[in-house]
Amino acid sequence: MQGVPLSWYLILSAILFALGVAGFLFRRSIITVFMSIELMLNAVNLSFVAFSYQFKQVDGHLFTFFVMVVAAAEAAVGLAIILTVFRNRATLNIDEINSLKY
Amino acid sequence: MLDTAFFYAFALLVLGGALLTITQRNAVHSAIWLIVSLIGVAGLFLLQKAEFLFAVQIILYVGGIMVLFLFVIMLVNLDEAARERQFRGRWWVALGCLALVAAETAYFVIKGRDAFRFAPRPETPASPLGNTEQLADVLFSTYLLPFELASVLLLVAIVGSVVMAKKRI
Amino acid sequence: MSFLGWFLLTPLAAFLLLLLLPREQEKTIRVAALALSLAIFGLSLGLLAGEPRETDLAWIPELNIRYHVAVDGLSIWLILLTTLLTPISILISWKYIDRRVKEFHAFLLLLEFGVLGVFAAMDLFLFYVYWEVGLVPMYFLIGIWGHDRRIYAAVKFFLYTMAASVLMLASIIYVYQRAGTFDYPAILAMLASGKLTFTSLEQTLLFLAFFVAFAVKVPLFPLHTWLPDAHVEAPTAGSVMLASVLLKLGTYGILRFCLPMFPTAARENAGWIAVLAIVGIVYGALVAMVQPNVKKLVAYSSVSHLGFVILGIFSFNQQGFDGAVYQMLNHGVSTGALFMLVGYLYERRHSLEIQDYGGVSTPAPWLSTVFLITTLASIGLPTLNNFVGEFLVLQGAAQADFRWAVFAATGVILSACYMLWMYQRTFYGETPEKVTHQMTDLNGREWAAILPLLALMVWMGTAAETFLPRISAANRLILQQTTVNVPFNVQTPAPRPDVAAKEIADAR
Amino acid sequence: MPEGYLPLFLFLIVAMIFPVVALGFAKLLRPSLPSGAKLEAYECGIKAASNARGRYTVRFYIVAILFVIFDVETIFLFPWAVRNQALGWFGVAEIAVFLLILIVGYVWAYRKGAFEWV
Amino acid sequence: MPANLFPAPVEIFRFLPEIILALGGTLIMVLEALTGDRQPKNALGHVSLAALFAALVAAVAVHGSPGPAFSSMLLVDGFATFFRVVVIAVGILTVFSSYRYLSREGANTGEYYALVLFSVAGQGVMVTANELIMIFIGLEISSIATYVMAGLLRDDARANESALKYFLLGSFATAFLLYGIAFLYGATGTTNLTAIRETVLRADGPSPLLLGLAAALMLVGFGFKISSAPFQMWAPDVYQGAPTPVTAFMSAGPKAAAFAIFLRVFVTIFEPIGDRWEPIIWVFALASMTIGNFAALTQSNVKRMLAYSSIAHAGYVLVALCARSDIGTAAAMFYLAAYALMNVGAFAVVAYICGKGEKYVGIDDLAGLGSRRPAVAAALTIFLCSLIGVPLTGGFFGKFYIFKAALESKLIWLTVLGLLNSAVAAYYYLRMLVVMYMREPGEATENLEPLPAGLRTALFTSAAGVLLLGIFPSRILEFAVQSAKLFGR
């Protein structure tokens, strides 16, 4: 197990997660916000595989697989919702979608 | 030694792609950089002997979801959106938060270096089967229920997306 | 389930029965409501006779909450007063209430159910349930059938009581958690036998939480601002019930729960509470003097009269207690009668301002004589009911601290001033022509409503002996409970350092 | 790094380097004097009427969604395919239930006109 | 390949309610596909009701044989059955109150009923899950179904926006939850809750630091799902934008299931590091109560006001969680049941009043309901009294029991502040009572169509339920205490 120690993978996934969170909070267009969610999910997958490589068992892989399946389903539904929002309103800019604020 | 080299290469791909995804003005460029980042992550999976996940990552994420993203970007022709200001409020706030999160993670890793002692796992014998076969055994025996529920999940996704996308249902 | 258990549920049954009647026949609804409330009054007389007046059933066994109701000398007369006044208030609102008659009578009976429950509850949880249930119908009575600023008054009434009683709930749970049961007699037994002891800080905090909740209801001086609004805006029946019964919940609560459970804290705080009571008496009287509106005047007079009751309670002696309880009954009768008569005037003249009246005695002689008797009763003329109560309270207060009695006596004089001055302005002097043709004398229905109260005033004034023995028996028991733990003004039990410190340290 | 995949990566690296080098050299060597006419989108000589990138219609999108979902379904079949003799009838029963539910989805989508290309 | 692992019939029986619901949903979709657009869709509503009632009967029957199923993916115990019944009951009430609403909005499609069934099935899986993967998949099924239900009225801009916000923040929360699960997996090596519990309780268990990190991340994920204080910004917009029956469903069903997994994870697994996360939950509880109540004071839209009130009620349940005792769990269970009933009832009344296109959703639109529809007004009064915490209603007993549990574990300040909060809450609920009874009927209540059958059943069952929980709570309370005692042992 000379390869790369576990903590490097964890640091990498932590930084990736942080980038995803930053992207989610600070980007204006919904598509980029959605992409940062995908980044966060990838960070989670990375740490799962790193832990399961550490434990030499396949459960972690399976969890990652299910996370990917769910991410795909969520992307399909999410983009469909984004589509309906766009059809009703020309912009995809988050700040302008605030008719519910009063 | 070779592994560390590959690790740095893929890590660079992943982090570079991620950083550029969230900073690009044009949505298509963000999508492309996201694909690069996903390929980096796939490489890292491979580095950890998870061939099945490497394949699924490429097919599903890059092949499926990113195609969907590009479709949506094409569909809603985001170029005027590109001209608008992309960052909300002050971007140094973003950097501040990023620094905070990075510091916190570093704190965890350094302080917790010894904390990562895990429950002593019994050394499972390296089974002759390949990664996918092992996964198949586990998937269809102990994790049978999540497998069946995944089909229900996909059914809900089909209903949801078609109901939302179709003009007149 | 003994007689008392069934009796306390009859108002609820009457409430549900009334809901079933169709909305249109208002006549049948009024008659049914009157008949039902009279039946309940008849039943309540049965309480006087039989001896075993207690019911103890398990309601929620897990938390050992029990449907434990009992009646003793203290609460028997208050229950009778409530059951008497409900048919009377239905009678006086025969013409007065014309819209949504069904809901009005339903809420009145629900109010009676809540109030009777409070007087009989012997389980702390059950007491709190009845306390809040009594609140909701009164809120609707003021809010729906009141005058113009009724919504403000109703919301103010609800929030005042709700905010205060929420702290009481916290202390009830705390006592339950320490004692292990809600059953009030069991808690008292534990307190007496020393199994359950509160540190001095605990006892003061708990006492204050209970006391504030009751003081808002009394109302004691600083917390009384909701009463004038509630009275002015409430319909006549609402005012009668509010003045004669709901205000007594506070004083009854203090006597029943505050004193026996936290005797030490009660005695320590007796000083400033008595001062507040006296301030209430004098302040209430002075403000009443300058009120243009009759109902506001009577409301402030209640603040003043109930100041006497509080003074009597916190003088910690037999006369004080007897005087306080008796004064509660007198105030219920005389102020209830006063509000009814003001209601009659309002029904005729549709105005509550005093200057709209004048020389009413010429067109309505009988109305003015009855009004005179009630006014004299409320200012405490001897041979009428308030005199006995006030005299006993002053005697008790003198024993505790002579200065209290001196200031309180001034209150009696002041109340005489504003009441008689008000009477003179409304009933004597020249009669403006609007008054002459609007003012008619009492008709049969109004006579039937006021006569029982007049009879009671005289009966309670002259033959107090019929009522006092039961009251003093109950008071003797309460007095004995408040003294058994600690004689008057002696230092408190040594606080257990570990418990108190730890208690506060990890209070999160 | 499982040894089997080394050639794959070498191939990947070459695949990435080749276009970059080729286009890079071309860009350096050719003259570049851009002018208005040259930069216009070429539409067989006709004057370009609107933005090069016209709007796609929704139905393309629905096909893309259903592609992703049924793509996931096929990926689920991979592990089963690899181990179907060992799993035997038990595996077949599982997969049958899995596919049955998704076939209902397919039939529903078909009846709802998600696939019409009109 | 392990021996033939065909699940024993008892294991399938333990999973029966969810199977019924999923098959019901599939059946509805098949029927929807076969029948064209001409037939009225109420028939599909009845099919969904049949499936829900069958699932309810099954859930009660399954309680007879508790125990793990499907290689301990699933654990049926008192706790699971209690929440299953609550979730299915919420589903039934939602379907009852959405018949009239959907046909009025012209969106009476069969898919709505299928999505309700799938969402309830997802919540059933969440509640009985004994495995982190199951929690995750159950959460996703119920969330995706609810996202789509929120955005069902595609041409209504507000519904779209609410679906979008709900989706983005939902997936954001799920990502945090997953990251927490990853660290939990890393710390203990397994994803099975019972196995994790043993590893954590063992002496040489994982380091509290790693567990703390996992707990913190999962707390963020759960915080979003139950809309507690720091993560509650999405709730008011989403509750206001979504169609009213869906808001009723969202505020009761998924929230109760989210609390169930919150309780299961925090009370059983993170018990050893309890004194680390207890102050955080203390702050969350106080913040939710205060923000929820004070923000609701200034609202003029009923749905938005009820959204803030649901944040406050999430705060009360967090107080029960903060007590970290068996009684605390039982109190939380009881409160969630009472809360679900009164909230769905209140939203059902709003669904009845709001008219086409949700025109009349302001508090003043309730004016004069007391005189026009006394029965509906009486039901809403019961729900409001229960929300305020007036005795003889479920809300009061729930609140009382929670503060009893809190006082037992020395949370004196939290109790006092919580009770004062509920006094403040009385004000904005009273505003609705005032408008309903003490104002002359406005335009909304003037032309109200008669109370449809479905809505009448929903209203009066939930009103009866609230009163039952208030007056005779001992049956349900005893069941909650029993299941809380052997919960996680």
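Residue numbering begins at 1 within each chain, and the chains themselves are lettered A, B, C, D and E in the order written.
Heads up, the rule we're going with is that a contact is a pair of C-beta atoms (placed from the backbone, for glycine too) under 8 Å apart; a residue touches a chain by one contact, two chains touch by 3 or more.
All figures in this text were calculated on a predicted structure; none of them were measured in a lab.
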Give me the chains shared as neighbours by chain C and chain E.
none
Chain whose mean Cα position lies farthest from chain A:
C
Most central chain, judged by mean C-alpha position against the global CA mean
E
Name the two chains that are joined by the greatest number of C-beta pairs in contact.
A-B
Reference chain B; chain at largest CA-centroid distance
C
Cα centre of chain A to Cα centre of chain E, whole Å, reads 26
Please compute the C-alpha centroid of chain B, do the same for chain E, then give the distance between them in whole Å.
31
From the C-alpha centre of chain C to that of chain D, how far is it in Å?
81
How many angstrom between the C-alpha centroids of chain B and chain A?
6
Quick check on chain E: which residues sit in contact with 2+ other chains?
1, 5, 22, 26, 29, 133, 137, 140, 144, 147-148, 151, 154, 186, 189
Of all residues in chain A, which are in touch with two or more distinct other chains?
10, 20, 34, 50, 52, 54-55, 57, 59, 62, 66, 69-70, 72-77, 79-84
Would you pick out the residues of chain D that each touch at least 2 other chains?
58, 61, 65, 68-69, 71-72, 75-76, 83, 86-87, 90, 101, 104-105, 108, 112
So, with touch as defined above, which chain pairs make the list?
A-B, A-D, A-E, B-D, B-E, C-E, D-E
Which chain B residues qualify as touching chain D in the complex?
2-3, 6, 43, 46-47, 49, 51-52, 55-56, 59-60, 63-65, 67-68, 71-72, 74-75, 77, 79, 132-133, 135-137, 139-140, 144, 147-148, 150-152, 154-155, 157-159, 161-162, 165-167, 169
Would you mind writing out the residues of chain B in touch with chain A in their complex?
3-4, 7, 11, 14-15, 18-19, 21-22, 24, 27, 30-31, 34, 37-38, 41, 44-45, 47-50, 52-53, 56-57, 60-61, 64-65, 68-69, 71-73, 75-76, 78, 81, 84-89, 91, 93-94, 97-98, 101-102, 105-106, 108-109, 113, 116, 118, 121, 123-124, 126, 131, 134-135, 138-139, 143, 146, 150, 153-154, 156-157, 160-162, 164-165
Can you check the complex and tell me which residues of chain B touch chain E?
108, 111-112, 115-119, 121, 137, 141-146, 149-150, 152-153, 155-157, 159-160, 163-164, 169
Note: in the complex, chain A contacts chain D through residues 69, 72-73, 75-76, 79-80, 83
Tell me, which parts of chain D touch chain E in their complex?
83, 86-87, 90, 93, 101, 104-105, 107-108, 110-112
